[in-house]
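First chain written, first letter: the chains are A, B, C, D and E, and each begins at residue 1.
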Amino acid sequence: MSRDRLTNIALPLIGTLIVVGAWETASRLGAIDPRVFPGPITAIIEASGRLSADTVGEHMAWSLFRVFSGFAIGVAAGIAVGVLAGWYRWFGLIARPLIELLRPIPPLAWIPLAIIWFGLGEPSKFFIIFLGAFFPVVTATYHGVTYVDPTLVRAARTFGVRGWSLLARIVLPAAAPDLATGIRIGWGLSFGVLVAAELIAADRGLGYMIMNERNTGGSVSVIIVGILLIGFLNLLTDAVIGSAIQRWIGRWHGSGV
Amino acid sequence: ADVETDTLSISIGVDLPFLVHVVAKEKGWLAEAGFTNVEFKKFQSGNLAGEALLAGEIQLWTPGNLPPIAMAHNGVPVVILGSNAVSHGLEKIVVRKDANVEKPEDLYNVKLGLLVSSTSGALLGNVAKHYGLDFNKIQAVNLAPPEAMASLANNEIQGIVFWEPWPYRALTELDTKVVHTGTMSGFAQNDGEAVQVSNNRTVWVASQDWVKNNPNATKALVEVLVRTQNYVSDPANRDEVLKIFSNFQEQPLEMNQALLSNYTFDASIDETYVEDMAAIADFLEATNRIKDRRDALTFTYSEPLAAADSALVSVEGQWKP
Amino acid sequence: MRGRLVLQYAMSAAVIVGAIALWEFGVKTGYLKAYQFPPASRIAEGFVEIATNGFPTGITIWSHILTTVTRILQGYLAAIVLAVPVGLVIGAFPLLNKMLEPLIVFCRSIATLSLLPLVIVWFGAGELTKVILIAYGCFWVMLSNVIAAVVYVDPVLIRAGRSFGLKGVALYREIVLPAALPRMFAGARMALGVGFMVIVGAEMIGTIEGLGALIMEARTFYRSEITIIGMLVIGVLGFVISTGLAALERMLLPWGSTSEGARA
Amino acid sequence: MQISNVTKSFGAAGHGPTVLQNIDLTVRENEFVSLVGRSGCGKTTLLNIIAGLERPTSGTVEIHGREVRGPGQGQGVVFQQHALFPWMTARKNVAFGFRDKSLSKSDKEERARELLQLVGLSAAADKYPREMSGGMQQRVAIARALALDPEILLMDEPFGALDELTRIELQQELLRIWEARKKTVVFVTHSINEALVLSDRVILLAPHPGRIERDLAISLPRPRPRTDPRFVALHEEIWKGLSS
Amino acid sequence: MQISNVTKSFGAAGHGPTVLQNIDLTVRENEFVSLVGRSGCGKTTLLNIIAGLERPTSGTVEIHGREVRGPGQGQGVVFQQHALFPWMTARKNVAFGFRDKSLSKSDKEERARELLQLVGLSAAADKYPREMSGGMQQRVAIARALALDPEILLMDEPFGALDELTRIELQQELLRIWEARKKTVVFVTHSINEALVLSDRVILLAPHPGRIERDLAISLPRPRPRTDPRFVALHEEIWKGLSS
């Protein structure tokens, strides 16, 4: 047991340290030009000289707020559409081709329409992030609802349960593991499109911080720190969501999702 | 008559055309006219500001003359209320000295960074026309200013076609020179000759709906803008307004001092205005970016300007609320 | 049964046609603004225009498509060619896998768009940068899938292989590799999806050719119908190519593929 | 219970191959009947029709003279496996079985506890299905079906997935419950032994199309040691019937 | 084959709970031995140790006096299920079993065909596993194990997932092959019947820690009708041994 824990925590840590160390050394020794690709320590020192902790904190808070809002809308819509498409065949026939057609369209491509439809405020940013969360959730929900073990549905029917009650009490909980997977992926993608969303007239947020630095020809270090921060926020919140899911369905579903 | 609204959102950028807006606000003239609640909004790109106008998030937009032309031709209900600044000299072709661009034909041998679908594209077209070059042989790379500057620095492109302050930055930061401005040649053969290849001006744009719903506010706004134009054009006020602007924007005063001469703050709706607009529309039509060619006057509203100073309107706009 | 299915298809088609007609009607009567919600007729006109004249002049939709597909394929193939061997090696050594896992997750989670400013500084604003951005996006997805494919091979199959005296490289080649193929294919399809996601960002710089550039160019000129055409073409392309990959998979893996979990 | 002339075929409007043909069968109250037959001969289909989960193409099923038109008319079903709701604990699963709206939630839980005691699972009330062995899961499934207080208990190979030892234990358990609660049971199984140990009557189904091949009354007293020569002889007879 | 004093525990450096303790067992050539025991008593672990797929914590296994240090030393293994390579047809799966490098590919395919004939599957040679029923898959698995021409055939509940009729058919088949090919067989099963029908010897394992509880020689002549009173008596005896 203790040995397992050792390998599960120590090894990833060692691996990360080695890579980060190699990166730092390479840039110190000049193997990669520190002006275009500074080492992590250099980048953080330089960036902290240009940005105060407060500013960075504000950027992070805004980004998180946006990701969470867009994600929440995406999950709600994804579950609603997924359930309806899986439950009512005619609706599935309409919705599924549309979803498959829209899925490959990159969130960035939506920006012009997002602005025309929702303006430049938060709603259009939410919309872009919504796109990141919606597709994985809708697919997972549809899959979950249509592939519910038919025996479970039958078992419930033998107790006289049908219609919406069947959907709410049997189909949805049975689809929960699929849903959880979709939600997890959706959360990751919501972060993935954050930078795109913050291209829309943002004046704070980590994505804005990166793009603003680029537009004003600022420092590579700030960009790198921005990327690292988004990555860490993503990993951290993903772990939180993972353990929430684990608490939600882990006990009866077994393995984590 | 009272203005219908005391609230105005105005998009501004970092460069000198917005001298008018900044001074009008800082001097309190906008408030005097009844606009007690004025907000300036900055956008990272011109596109965003235009989209903000469509979304009703700003009431006054002051872009170059290309975007409203493109909008009007594509059925977007915008209207031009007058010119903000004529800035033909503002756009420049800047090349690296080591690229050896001496005569117009040398432009074939370099890669030029520019936003192809902006007035810079039109300028390059005019240069080609004037010097008898084949426009299609000029290697234009579609780049936004920041990337263009980076690419110029590592010689991936050898020149840029942009408006100030980018040429200024290129000249001060890199070993470069100007080979042509919007109004004057820098080629060896006719160095210093006045050749107008730019039709660049900034204009006041509002949405038709806003103008229809706020006739008094429109008049009052134009009046304040004209009054401010007159004030900033007076050499006696030059130092004061530059200081106001540079402080407001947190920019180096000397840069703005160097650049101010490129602008003529003149609201006139006259033959030059019509010509400049037509020249840009020609470029857009030739490259198939607009269809159903329209006269600029069909989306120009000159009454408020005439009310402010009738001498400024020599050609009447055809749009009416 | 069949009759009912046909009826359902007919009904769905009718709903879609009805929605389009309603939209058209809304624009005609002025409830919807054409520049906000370009109706189908305007989109169709726009399509004819860019299919013949092109937008901007001379660059037709076909050459936009060709450019984009070429870029995606270059980046995508580069990513696959790199990710497969690297993934096979990492997957073969559990220790290495454990050590690199957080790094791979991290790199995969970085949005390619945020790399844009860095990549421009590193590789300039030319074709190479675009291909590298696409390759970056595809690579990490493919890599994690290749590793997972190897790690999650059914242990019973490995034991069966070992019971015939196979070990080491031979075991890996004869059992692990074929058993991992279906999952690797699923990964390849996912990676292609990512390639499409990245394309607009990659084409934001230094070009007016390609579907991503077309969308941005149309935006500049407020041609929302062309923006929509660009989006729809990407949608259709993505759909067609991933369907094609699925067919290829069925052909190459006749023993039954796992289309399960193939989407992100 | 009365099955009259039931025919079933799948496919468009019942035009597919006939799975069951002209099945006639009467099951008396409190009778324990087993259905035995080769895989695919239609056992599950017949059970589903009785359960009201499937409609016959023609013919009727009546329970106490009322025609079966859907599930929940006094039939409780126990499936082969995986039919517990994995997101509910044992107690919740059983409580789910009480459909009587007048019962309060705590009443239901209380009664669920009683039923779990009946199947010998008091200690596992708060376990989730995946935390229980296959045998325990089937006990919960039986308790859940009993919660409905059905007149007829329909069981589709309920012990098929269990190992032999557990299986034999559960057979004893089932007999005990059947005797205590006096239910009518229709029991599908692959195992001749199982059918012989449990039933009052064994029905042999023959395939293509599914029809009743034999109907054997088993009048041996319970418990029935497998060593009993009569048991052995019956086994032989059924085996021959199936192999033919 | 000689198993001497084998002990096995999992976990770090063998410090986990003891799964098998001091197992001593000698299996004669051509003998058919069954391992019977409750779930989790260590049957699979013991089989894996004999197969060389797991190393014992202490003790040795010898085949013909040579210590087993890994697989492929004359042991062929048939697993419970899913152990066919899904990307190979039946013939390819069987051909895979010929590890003799001197055989050409066509030789292998030829011999694979013969083995498939032996297990009665000539017609399904070009089918992929997913296109075959569970019974057919297990026949292919047996053929594949035979291809290795092993001295010892190790079978881990090979028929556990099949229905009773198919199971009985395959038991007959296995006996036929065993007699034709004269192999030593170690057979793990849950079913007392199955062990009795097949084996020369039945080994009863008891759990916690896994150890040999009984070692019964079955001297009845084959085929063994289940109705034979001696069969029935042995069944009873093993049942008691397991239930205790």
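Going forward, a contact is a pair of C-beta atoms (placed from the backbone, for glycine too) under 8 Å apart; a residue touches a chain by one contact, two chains touch by 3 or more.
Everything numeric here is computed off the predicted structure, so don't read it as measured data.
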| item | value |
| --- | --- |
| Remotest chain, chain D as reference, centres from CA atoms | B |
| Centroid comparison with chain E (C-alpha atoms), farthest chain | B |
| Leading chain pair when contacts are tallied as C-beta pairs | A-C |
| Whole-Å separation of chain centres (CA-atom averages), chain B against chain C | 40 |
| Chain A and chain E: spacing of chain centres that average the CA atoms, whole Å | 49 |
| Chain C and chain D: spacing of chain centres that average the CA atoms, whole Å | 50 |
| Of all residues in chain B, the ones touching two or more other chains | 54, 144, 150 |
| Residues of chain A touching at least two other chains | 112, 116, 199, 211, 214 |
| Contact set on chain D toward chain A in their complex | 48, 51-53, 71-72, 75-77, 79-88, 96-97, 99, 128-130, 145, 148 |
| Complex interface listing, chain C residues touching chain E | 154, 156-157, 159-160, 162-167, 174-175, 178-179, 181, 253-256 |
| Residue numbers on chain D that touch chain E, as the complex places them | 38-39, 163-165, 168, 190-192, 226-227, 229, 232-233, 235-236, 242-243 |
| Partner chain D, residues of chain A touching it in the complex | 149, 151-152, 154-160, 170, 173-174, 176, 249, 251-254 |
| In the complex, chain A residues that touch chain B | 112, 115-116, 118-121, 199-201, 203, 211-212, 214-217 |
